[in-house]
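The following pair of complexes shares a single chain, subunit A, combined with subunit B in the former and subunit C in the latter.
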Partner chain A sequence: MGINFKQETFRDDFSFRNSPEQVRRFPFPFHEDGYMYSVNIEPHVPGAKNTVFEHLFDVDEHYVSEMHDRALVLAEDPLRCQSLPHMTLAGWDTLELLMTEKAKSYPEHFSLTRDGDKWHWVNRPLGIDDRFTFGDTSTLPYDPLEYITRQSQGDFAVLDQRDGNLWMDAGIVTTQADWSLDFDIGMNFFEWHAPVPLAHEMGVFKRALKFLMALQQGQPARRHNWTMTINPRLDTSPENYHKWGTDRTTVTPENVGDKVHLRVEIQMFFRLPRSNALLFPIRCYLIKMDELVTSPKWARRFHRVLRDLPPELAEYKGLVRYRPTVVEWLSKYDDGAPTSPGFGPD
Partner chain B sequence: MRAGSNRIDVTVTDVVVVNELVKRFHFERTHGGILPTFSGGAHVVVEMRDEGKTRLNPYSLMSSPLDTRDYTISVRRDDAGRGGSLFMHREVKPGQRMVISNPVNLFSLDLRAKKHLMIAGGIGITPFMAQTAQLAGRGGNFELHYACRNDALATYADVLTARYDRRIHLYRDDHGEKLDLEKLLSTQPLGTYLYVCGPAGMIKWVRATAAEAGWPDETVHFEHFAAPQPGKPFDVRLAVSEVDIRVGEHESLLEAIEAAGLNPPYLCRGGVCGQCETNVISYDGKFLHNDHWLSEEDHRSGCKIMPCVSRFEGKSLTLER
Partner chain C sequence: MSAASMLSRPVYGTLSPQAGKHHLLVADAEGAAAILDLAKNAPADFFAKAHIIYIPGASGPEYIDALKALNPERFYEGPSFAAALPRLRQTFDAAHMGTRLYIAGSEGLIGQVMQVAAEAGVDHASIQTEQRGSLARRVQCVHCKGITENVTTQPVKCSHCGLLLLVRDHYSRRYAAFQGVCINAEDPTDIPPTEEIFR
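This part shows the complex of A and B:
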């Protein structure tokens, strides 16, 4: 049975909704009633059925609409996708990884036929049927990174590894939590993480870098991060801050359930075989407060996490203005009962 | 933390005598299918079951990254070594099943380079076999300077010359041919990156000459072929696991720790990658540091050791493992 792809928007009238099935598979990010940074890296191995970890690259009901939104962002601002000249090979690595995994995980929607370097790619949901020569950029309508990531949910940063550091030398970034590829391009690991509070002092980034530099082929890893977004907008970029920044002032006790979203990122790490670069996909999942509280455990726990969040983190995540309103709203769903350990709904 | 499986079951499909010191080994997947794609400069760790002892030795992949139906490595026999190369030469035959790791690259090409200038000594030629194949397939600009003892030990010089002609420069000791490194380095175009793989003395010479000529550190890449050296046996207390172990003459400290049932992380097993770095809790004696990872200060402090290549002589050593 195939996925039932929805037609919806992430801008203007914001028609985005999760189906009840999609709510149940939401990657709720809190395993306990509180939150502090941790490296929280785990092996990225295929997980349980009907979770977002069932396949290495999750495709869900929002796929077609998310790809349409990405095309709109790129049409307005082509600098959302960039690749420095030495990163083309890493782009081909990325294309191979995404095509082979998608075709393997969702054969009813994607297929790939390889005859040496003559490849035939079919993407049924997006109506794409292309033949090209692997390694020859002139046979594709875009460079390989842009071509395949216009067909893949989530942002992708491609990190070159050299001189004992990682360098953000390519990527496509249209569904981001307020960071800019155009600003970060060419930066190293410590430079692009410089704005993050507290974590540097905790030594988090040094440990994370050491781990990532040693990441091996065939042994991908993942972690998660979270923030909140007002209205289901994928493109909360610095470039478009003028379009969404003021949304934060529009939260009222009456509209919390529909307007306020928990935004979870699943960040993955893959060693790319030809280029020895690291692929860093950042997949964004949104859930409305109305949808979240359909799980009593998630409602109780998120109320406690948000209420007790250290002020520096609330500031960094941009939640300060509307946090009290949301905490008050969520408190109606928290009877003080204990919550069970682990991420899942009860 | 380790994700997924790092081990690949392979069958030895061919063993080729290259010259009096070097044999080449071909591996294919035992259960069929192509092997993982890799990048030039990568190595695999080969598991050897040698009379109840497990040896894990890293070898550079020398086959073309563009063709992964099989992997090939070349092993130089080291009669004074700890026995890994002798095992490969004496015991490994076509048809034999072995286990290797996924490829790991600690000697990667810098793809920003306008030109790749490669300097090889002896068996240090192997990673360049894969790197030149990778670059040639994409029209990359490279030049290889290869020093060896004589024609008989100029491993793969004939193959490379046939493939790449004037891009290969050979220097034979017994013909009195000598690489004029100062001149070579002073005549390179902007955007050239330098790679060196060979004996420790050669790496030191190339790095020092490049530094003297003003080459930035980031443009000089090198790979040490530092196999662990044998030495006097010594005793170690592993404090975390509460185990006492003895490191044999032909065994590395890392191998002895593994033989005790522990699994410390590793990638290179040659003192370069830093994965197996171990804290010293207490000691009474002298460290024999052979790694390229720890700083001189770390070496002097007596607080850290790289168990893959370094040893110890003295009364007692307690490690945080």
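This part shows the complex of A and C:
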């Protein structure tokens, strides 16, 4: 049985919502009742059925609408997708990885036929049927990175590895938690992470970089990050902050359930075969507070995490204005009972 | 995070004479004083192989005579960075292996010369930099992408789109600019006072 793709919006009338099945598979990011930065990296191995980890690249009910939103962002601001000249090969690597995995995981929706370098790609949900020559950019409507990531949920950064560091030399970024690819492109691991509080002093980035530099092909890894978003807006970019910033002042005790979203990023790391670059997909999942509290454990735990969050993190994540209102709202769902260890709902 | 520890910001040093076949020294305003200090430790034949490109800016004629007295092989005085740019590009393109590059003065100048040098493929490791004089910043508006030069205040009005920008410490070497982000995006009626802080 295929996925039931929804028609919905992440702007203007914000018709996005999760089906009950999608709520149950939400990647709740807290394994305990508190949160602090850590080197939270684990192997990215296919996981249990009906979780977002069932396949290496999760495709869900929001796929078609998310891709439409990406096209709108790119039409307005083409600088959201950039690739320095030496990154084209990494773009082909990315295209191969995404096409191969999608076709393998979801044969009813995607298919790839390869005859030497003559490839035939069919993406049924988006109505795409293209034949092209692998390695020849002139046979595609976009460069290979843009072509395939216009068909893949989540943002993608492509990192070149040289001089003992990773360099953000290509990417497509339209569903980000307030950072600018255009500004960060060409920076190294420590430079693009410069604005993050506390983690540098904790040694998180030094250890993480060491791990990533040694990452081998065929052994992908993942971690998660989280923040909050008012209204189910995918494009919370700094570029458009002057347009969406006022959302943060609109939270009231009456509208928390529908307006306030927990935003979880599943970030993955893949070593690419030809270019030796590192692919960093950042997949964003949104859940409304009304949807979150359908799991009593998630409600209790998120209440405690948000209430006790270190102020530096609340400030950095931009939660300061509305955190008290949301904590107050969530407290109704927290009877003080202990929560079980682990991520899943009870 | 304090500006000093912002890891995207370049770290500047102190100019000192390097062994090299040729020396290209680029400075603006007070940056001239860094060249004069370097001269105190330079070998006798250093300036006979040196080309100085100087943009006096706010310093006016103050350092010109002293720089000329170093007897550089070539001396150029330019009215602005933009005016000096074609010459700078050509100089980099013509520069041979073994040319050493020294840049001194405002962060905006250092960043922009580094940009041109990178385009010309000059090896990063062969460049010396020293910050002198004004702490004014070049700021890129993250919204309209326009660059506002010589920013001394926090916040600052974008000279292109007019938004009131918070000048962050996050720095892009590619743009040679700090990032400016709308300071009152969440509440446009909140207009914070403007303070002169980058001087």
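Everything below uses one rule, namely that the second predicted complex is superposed on the first by the 346 of 346 C-alpha atoms of A that agree within 3 Å, B and C clash if a C-alpha of one lies under 4 Å from a C-alpha of the other, contacts with A are read in each partner's own complex, and residues count from 1 in each chain.
In this text, a contact is a pair of C-beta atoms (placed from the backbone, for glycine too) under 8 Å apart; a residue touches a chain by one contact, two chains touch by 3 or more.
These numbers were taken from a predicted model, which means no experiment stands behind them.
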Look at where subunit B and subunit C land on subunit A after superposing the complexes, then choose clash or fit. fit
In the superposed arrangement, does A:345 touch subunit B (first), subunit C (second), both or neither? neither
Identify the partner contact of A:275: answer first if only subunit B is touched, second if only subunit C is, both if each is, neither if none is. first
Apex subunit A: angle to the C-alpha centres of subunit B and subunit C, given in degrees as a multiple of 10: 70
Once chain A of both complexes is superposed, is A:125 in touch with subunit B (first), subunit C (second), both, or neither? neither
Can A:310 be said to touch subunit B (first), subunit C (second), both, or neither? neither
Partner chain in contact with A:194 - subunit B first, subunit C second, else both or neither: second
After overlaying the two complexes, what is the shortest C-alpha distance between subunit B and subunit C, in Å? 5
Once bound in the complex, which stretches of subunit A touch subunit B? 41-45, 85-87, 89, 93, 96, 135, 160-163, 210-211, 214, 216-221, 273-276
Residue numbers of subunit B touching subunit A in their complex, please. 1-6, 36-39, 41-42, 65, 102-105, 108-112, 134, 138, 217-218, 265, 267, 273-275
What residues on subunit A touch subunit C, complex-wise? 79, 180, 182-187, 190-195, 197, 200, 238-242, 244-246, 248-249, 321
Show me the residue ranges of subunit C that touch subunit A in the complex, using the header's touch definition. 1, 5-9, 140, 142-143, 145, 163, 168-175, 179, 181-182, 185-188
